[in-house]
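I am attaching a structure below and will ask some questions about it afterwards.
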Amino acid sequence: MMKNGVKKIALLTGGGDCPGLNAVIRAVTRTAILKYDVEVIGYKFGYKGLYNNDFMPLTLKTVSGIQHMGGTILYSSNKDNLFDYTVEEDGVEVKKDVSDVAVENMKKENIDVLVVIGGDGTLTSARDFARKGVKVIGVPKTIDNDLASTDVTFGFNSALNVAVDALDRLHTTAASHHRIMLLEVMGRNAGWIGLESGIAGSADVILIPEIPYDINKIVDKVREREEEGKLFSIIVVAEGAKPLGGNVVVNKVVKDSPDPIRLGGIGNKLAYDLEQLIKNHEIRCTVLGHIQRGGMTSTFDRILSTRYGVEAVEMINNNKFGNMVCLTGRKMSYEHLENVIGATKVVNPNGEIVEAAKAIGICFGD
Amino acid sequence: MMKNGVKKIALLTGGGDCPGLNAVIRAVTRTAILKYDVEVIGYKFGYKGLYNNDFMPLTLKTVSGIQHMGGTILYSSNKDNLFDYTVEEDGVEVKKDVSDVAVENMKKENIDVLVVIGGDGTLTSARDFARKGVKVIGVPKTIDNDLASTDVTFGFNSALNVAVDALDRLHTTAASHHRIMLLEVMGRNAGWIGLESGIAGSADVILIPEIPYDINKIVDKVREREEEGKLFSIIVVAEGAKPLGGNVVVNKVVKDSPDPIRLGGIGNKLAYDLEQLIKNHEIRCTVLGHIQRGGMTSTFDRILSTRYGVEAVEMINNNKFGNMVCLTGRKMSYEHLENVIGATKVVNPNGEIVEAAKAIGICFGD
Amino acid sequence: MMKNGVKKIALLTGGGDCPGLNAVIRAVTRTAILKYDVEVIGYKFGYKGLYNNDFMPLTLKTVSGIQHMGGTILYSSNKDNLFDYTVEEDGVEVKKDVSDVAVENMKKENIDVLVVIGGDGTLTSARDFARKGVKVIGVPKTIDNDLASTDVTFGFNSALNVAVDALDRLHTTAASHHRIMLLEVMGRNAGWIGLESGIAGSADVILIPEIPYDINKIVDKVREREEEGKLFSIIVVAEGAKPLGGNVVVNKVVKDSPDPIRLGGIGNKLAYDLEQLIKNHEIRCTVLGHIQRGGMTSTFDRILSTRYGVEAVEMINNNKFGNMVCLTGRKMSYEHLENVIGATKVVNPNGEIVEAAKAIGICFGD
Amino acid sequence: MMKNGVKKIALLTGGGDCPGLNAVIRAVTRTAILKYDVEVIGYKFGYKGLYNNDFMPLTLKTVSGIQHMGGTILYSSNKDNLFDYTVEEDGVEVKKDVSDVAVENMKKENIDVLVVIGGDGTLTSARDFARKGVKVIGVPKTIDNDLASTDVTFGFNSALNVAVDALDRLHTTAASHHRIMLLEVMGRNAGWIGLESGIAGSADVILIPEIPYDINKIVDKVREREEEGKLFSIIVVAEGAKPLGGNVVVNKVVKDSPDPIRLGGIGNKLAYDLEQLIKNHEIRCTVLGHIQRGGMTSTFDRILSTRYGVEAVEMINNNKFGNMVCLTGRKMSYEHLENVIGATKVVNPNGEIVEAAKAIGICFGD
């Protein structure tokens, strides 16, 4: 029994999926049921399920055997902002604030508290529901590791592992053929995945959004390695990396060409640009894409997710509504959602980790 | 001591690298030295090293600890046909037959036998050297598994593992977001990687060069799954897959556009085409690319490579020159290089494995 | 529709679990339903479920998402021989032939054919049911790879991967501390796992049941390596390995000691024995045990299991009752259960693979 | 150039090996050479090499390609306390303080600073050398995560991954056979590996040195799961776990028995004890042993090790001698060796992580 009389909580997962969501769902559910005898349901497809009153009961049985699985058994959605929601009225699509429907649905199901697992967008809605008086607890989810307030969150370590595994593989091929291999990894605004996978994957060059690059510096690095007798190079490129004074290159579809197809992003562009400057090596680019998001949850992320899930329930019992659970050092803490939103944690170009990378000789193109 | 007096052999690896090359190099070297007291050297960068007399001694020490490593310690090259080799004469690049230089170099180093590890191209040169009287042994290397004569060769199992790992990852994301996920895998002419990774990775659709696809059949499959309540689909596309009556779409660089960059291949094209026909799912394509070639050699490939390497040396001892080592069932065998060249092993559209895949409901677009 | 009118089949899995069982269950179920519109049920806990009429329907939904999972959703049992079954009568346990109850149960459920997935013990019962007139199809399951008739079966490759992964790990520690590391792997009667994991894991010594060892030969090998400057050694020991003229050492519980606990098997015994003969190295033994059986099914085993499952259903359609599905080279085949039983496939001490291992310098203690 | 004129540093690794040592060696070497133009050598076998003046130069080349490899290229030793060292004098082994020889050797080689990578024992010697006036920097290494002063150190995450992988494997077998599976993991004094692998591996029971267990509580947990329909249980046992009022059970060799062999530790003892109390499940124990130490270094540990290595060199440049590098939250820091020694970080039985584990229903036997 909770001391504040909470009897039923609802969970939802929003935004892009990442490893650890299921571990949070499991930990919230088990803690609520086993420790506090509180009932749990899960809305499906994020806030969409809240709007459509589409939910599933979460029991010991439904969360059994899911801790290690990537993805989310509650499904997720990317376009589910109920404060600016697309609905059809008289056959026309219009944008409306339908958050009252959500509040009504929670009342109907006697939901005392809503636990929201998501990133900046999803948590913005959580804050907006909190402003409306809904008792909300946030759990941070960002595979890019770009949420401020928390030291790190789940999904990031799992994604790093995929990127580093790819870099390990590219090394053997690059070395055998004396190639320059580019790997494009996630990170539109924050370069954490690029930075840390590059260090762990023994990359020679790391390009991230926070440090615009000069292509000549990359060529210099390749030449410097040649002089040391290393006839291959590994370059990690975050998808949001950009040349000095240049723009981000995004994947896009060229529709008006005779054979309209998707174009590649910065990785492929940089490979092309480098080919104009470096003639004595083959240059190849691999775009990791969605395989960074999926698969088994790493050990690190399973533990962190479990701790987040348990702490979210403890926060309910301690009336810490309107807050998001955080990791600070080795301890759980929390931060008010009002302070969490919009505070992106980007890589500090002069910070400890970039400096460490530079100390061991990694080039950032600056 | 070998009964035919062979005292020194040379090794080279040609064509694209794949896991298992180092295991073959190690097995040849150890068997030659430990069992027959024969000296071994390795030419670097395939036939290029043979032309430039660029080699390294292969000793117990140089091959120590390499069995599990992808790539090749001898390096490899893609453009090294000495029978039609590009050389500069008077400042102009011309094509010439320089194979006599190679023969001369081998004589100079007292090489009795040349062991060539490579695919169709590399083995064609091996045959041509055999025709010139060089004692040659071939070891089959094809990550695509498209060499006839041998049941299977190394690299293929390792590449499959990478593709299946990616499919496992894509599943969790696809299921969480109700997406259609495409994975483009290797296989320009032969669809073995697509076929077997698709089966092992629980794909819903497999598209391979041997079976041109009708895009409407793919749409039908997606719809059929929706009716079963499965709101996501996984599609494996070999890079050489093509629509019925259509052409292969290859990666290419559009050079005359204002921002010239590489275009994607069939995977991205098909994603685009499907988006025109399927509006209720997000569609995403991942191109696995070079990470299929690299990394640690799989258990299966380590054993097979070791057996190939040992057998290659036994064949030398038994005067089986001009032949390529093969696996037939569970046994080592061999086949004359004259019969090996040009005999591509493609997937039989009505064969046992395709039929098995269809029996469990996999769609091939036909 | 099947041409012979079969409308309903039952599946069961018997004996120790291994990766691939679920993939067979899935393939049988999907092929039966999708290709032939045949109903499928699964008895739980092997023949025990058949005796207790304890079963579950197998539908597209129940077999969804299980292909890659180790274990068996039908559960398994080790003591379920219905021809010599332990039942309680008047409070006393007696052994009885209760196979008629099983036949009766199948009739009651209108089972036309029983598909039995198991090893030698489980298949012996399958043969005995065939002799009683039950329509039976066998699918070979032996993690030890010791069933004759089929080239290889599922579970073996997955188990090898676990053993090789352990050997890769032991290498780094052994090399850093100049230790002799023993790894005890499965293989009571047949040394396939020891043999192939030892080759793939770069072991220096491999000890298997088929080749009794002389401990002095092992000491010689360690000394020989020292002379080459290699101050560590890796030894793979199959659990059924034994010294020349000695007996198999099995794990056992010493019950009459003051603190009765399990004793280690051959690995620990050999470590102890070697310590008496080798003083200048630390010697450590690791017993892999049950982790060899579990986890994700390997790519190779997923494909093989799927082919077995599909073929089992095709054999039903073609009236091949009383047979077991086999792999011969690259093709599916079958063999009559009467010929399968009792024909153990052990390692040939003079066979190709042992000879290859010896050629690269691996010591077998003989 | 360093501002304090340091021109040459020496490195050594002591105690049991763990993943990350090579990454530290690489980072120290590269930073020293590339950023500060400082020379680096490495003593072999820990302090033994310092005593014997047995070292190797560490160059960009010697540390190339080692970041991901477990073990240590400098080798390690467990009995190398030079302040109480075993030497032979007149044919008799005596214990002596030979630290002056070490100091002399460093002078001879013009070593300005000694970087010591090791655990409590190795760092105690480092402190003792600091007391003698040697300029020392410590880098924490403890696979058990039991060094105070630093939040976490390398090796721990890699070891956790191995244990969790084993638990994932045991789950499928346990579930298929309704078994109780025990996994004995490292942790003689501190139960971190047991605690965190148990959480991540979905264990039902976790037994650690810090929380003596009542075997009846374990039996209760198994019974409780049976009532929920879960007919298997997974138990993680740290090697230092012990019953309430009982003693630690260590692996030992019974020498005076007719067939003297090693006995198992607490895992096997507990399996035996449980078998007396639980008759309706098979009970199996696996002892992970040395495979926890080896293999590839995890992504997390590669990054941490690299940061430690770089920071160690920065500390040299900043005259922070006598200190050990630490991780505090997300930042590098340091602590004086005098404060580090002997301060073991054990699991707090009432701490956040144990409480979280209990909240999701994990039993600690208390």
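By written order: A, B, C and D. Residues from 1 in each chain.
Criterion: contacts are C-beta pairs under 8 Å (C-beta built on N, C-alpha and C of every residue); 3 or more make two chains touch, one makes a residue touch a chain.
Chain-to-protein mapping (UniProt): A, B, C, D = ATP-dependent 6-phosphofructokinase.
Everything numeric here is computed off the predicted structure, so don't read it as measured data.
J.: Name, by label, each chain that touches both members of the pair chain B and chain D.
T.: A, C
J.: Averaging each chain's C-alpha atoms to get its centre, pick out the one most distant from chain C.
T.: Farthest chain from chain C, going by C-alpha centroids: A.
J.: In angstrom, rounded to a whole number, how far apart do the mean CA points of chain B and chain C lie?
T.: The mean C-alpha positions of chain B and chain C differ by 31 Å.
J.: Measuring centre to centre with CA averages, how many angstrom lie between chain A and chain B?
T.: Here chain A and chain B have centroids separated by 35 Å.
J.: Counting in whole Å, what is the centre-to-centre distance of chain A and chain C, each centre being its mean C-alpha position?
T.: 41
J.: For chain D, write out the residues touching at least two other chains, lowest number first.
T.: Those would be 168, 171.
J.: What residues of chain D sit close enough to touch chain C in their complex?
T.: 16-17, 19, 21, 69-72, 75-78, 162, 165-166, 168-173, 175-178, 181, 249, 253, 259-264, 268-269, 271-272, 284-291, 293-295
J.: Help me check something: in the complex, which residues belonging to chain C touch chain B?
T.: 26-27, 30-31, 34-35, 60, 64-65, 67-68, 151-152, 157, 160-161, 164, 168, 196-197, 199-200, 202, 228, 230, 296, 298-300, 302-303, 306-307, 309-311, 313-314, 328-332, 352-353, 355-356, 359-361
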